[in-house]
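For reference, the structure I am asking about is given below.
Letters A, B, C, D, E and F mark the chains in the order given here, with residues in each chain numbered from 1 onward.
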């Protein structure tokens, strides 16, 4: 069993807020992260798959295949977008790093399962001071 | 003459667009950077001042003073904000990295001039693949 | 179960030495790390907690709370200090990266337990070429 | 149980190709990575060992000892070399990151076992966008 | 006048050697960099252009245009290639970082001059410990 | 004219203080940087030389020569040392980043002048948030 990781990136806007709360309530819970006019980040996404090495190619998975899956199903939908407004798989969800990491994991797992590739986990870096890791339930 | 640089950061939303153009015209010129619902970045700002070393302290400038000027007059106004909508010194201006760097330089120069500190230049990093430097006219 | 990590930093002096040994014995075992007049590092500390996502906030923990705990109980005590001489929780202990990571873990665990937050582990980076990770016993 | 990691580096040439295939077949499977005239990378190798802290020294292992083992048995054999042609432990093997990580692990395990030091795993970074981790079978 | 920089990357093999010298002479002058079977690097290329900001767009240059010029005329020719053998503009030249930076500058200057864009300089990073900068004669 | 830069590192202890002042006066001017028991940093030093490319070797300077000069005359004297107490060329001087950069420049200039190599400047990075550059008078 060996683990291989691909990094992709996206630049997106978001805010932390609950529509059913007032701006004041949101500000109290989420602070500056709830600025009504949004803010944004350069996100880094690390996707790790695991498996045996194919003796023919020396690969667990062709990284170009993994890259294309990440781009098509995740980062192209997020890059230069508003996470709260523009992203199908985030509709109606809190745009926190935690929730975003879980939803990205689900998007990738659906794709990789159909290729019989084992998704190990995702790491989502929001700033140089914080990141989230999710490995499924 | 010696140069000393302080780094500060801010996370902000923006878009590249001209109000007098249609979304289609904006998309043609600015591509995905003109997404109507905004996107965002982790910006890094490097501010460089120059001068002689004070023989008493060994300092060109107390970096805590420089840090506080940058935060009060620049990064507190930009952090977790929308550059197009929320920032007084960017009102009515294109929110490109170039224009933002020039306007940040002007804000800092006004403050540092009044302290007789020579601002050398600013470097504004938008992503790991692009940055702008401005040293005044 | 999801993992979230906060990075904090501190700049500190230390040396590796045993009081009951001579300088020569210390030099033999610890090499240049036992320089009697100290040396120092920019340490990076990564603190990882784990838990379920709160459906109300999208958070495992409010990162501002985690940041304040790390600063109050760990990094404010270490930053611009001498690890061997100035830090209450390191008194009488070897100032190696290993021991420091374990003691930092204990400080944080005591605080986080009282909040019912699960500390997963700490990573302490001493230089770009070495770091230590500790996850409890 | 605590984990300590040492980073070493090497700059090497390689290509992904199978001798029994034509250049066209290799290009079809491996793309630009099979360029007949080679290409190369700055590799970063992170080696993690685990153990109890020695109460006398505060160490799991003297990092100078670990560094010397990594250099003598792994990175000196790879640095400024051709992975396919020059490296004894890679003879007849695919020069993929996965296979290289596994073979490096085996080299280190043989050495560390003889010192009663537990090798936890290796991480081999090929570019800023991809890396492999191997923890043994 | 403002300066804007774009980063691109390439992974390439090379060696430092003179054909008219023996392997021993090459080894004496160039050390391990002259390994006959090649070695390689992850190169980072920073290209800086300068100019006035277009008041209509807020741009000195559309970075997508600059990126495409760098890729077409420089990095696509170098990426996953052998600098000594595969690159038209390096034929018959020493594959040192210095010479490569100068030749890259010439390639870009020819293109940018025809667009009336002023090339300020290039920075070519070979490893984390060394880089070269060239600004023309 | 081309510029080539070599990075070296050192880990050192220091404090900012004037012997003729009380601890209180030092604390007032230098804040936590004057902690009597010292603190420390991982310093990065970038040394840039400039010149014409030797047509025989493709080099401005053999980087191994530059590396050895930096290590012998600068970083071996600073690494794992106390800048205030242990370093001959810093005796009686303020251990600020500014003063240290100037004194390092002088040490290197004396050596490089005797080899007819032109020292362009030094950059001394104290933390990820501050650095100093000095190019001579």
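Here is the rule we go by: a residue touches a chain if its C-beta (ideal position, glycine included) is under 8 Å from a C-beta of that chain, and two chains touch if they have at least 3 such contacts.
Just so you know, these numbers come straight off a predicted model, no measurement behind them.
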item	value
Neighbouring chains common to chain B and chain E, by label	F
Length of the shortest touching-chain route, chain B through to chain F	1
Selected from D-E, B-F or C-F, interface repeating B-E by over half of its contact pairs	B-F
Distance between chain centroids, defined by C-alpha means - chain B, chain C (Å)	34
Chain centre separation in whole Å, for chain C relative to chain A (CA means)	29
Centroid spacing, where centroids are CA-atom means, of chain B and chain D in whole angstrom	42
Sequence positions of chain B contacting 2 or more other chains	128
Set of all touching chain pairs, with the criterion as stated earlier	A-B, A-C, A-D, B-E, B-F, C-D, C-F, D-E, E-F
Touching residues (chain side chain F, partner chain B) in the complex	16, 18, 29-31, 93-99, 101-102, 128-135, 137
Contact set on chain E toward chain B in their complex	1-8, 48, 53, 56-60, 63-64
Parts of chain E lying in touch with chain D, wherever the complex brings them together	9, 11-14, 32-33, 35, 37-42, 79-82, 85-86, 127-128
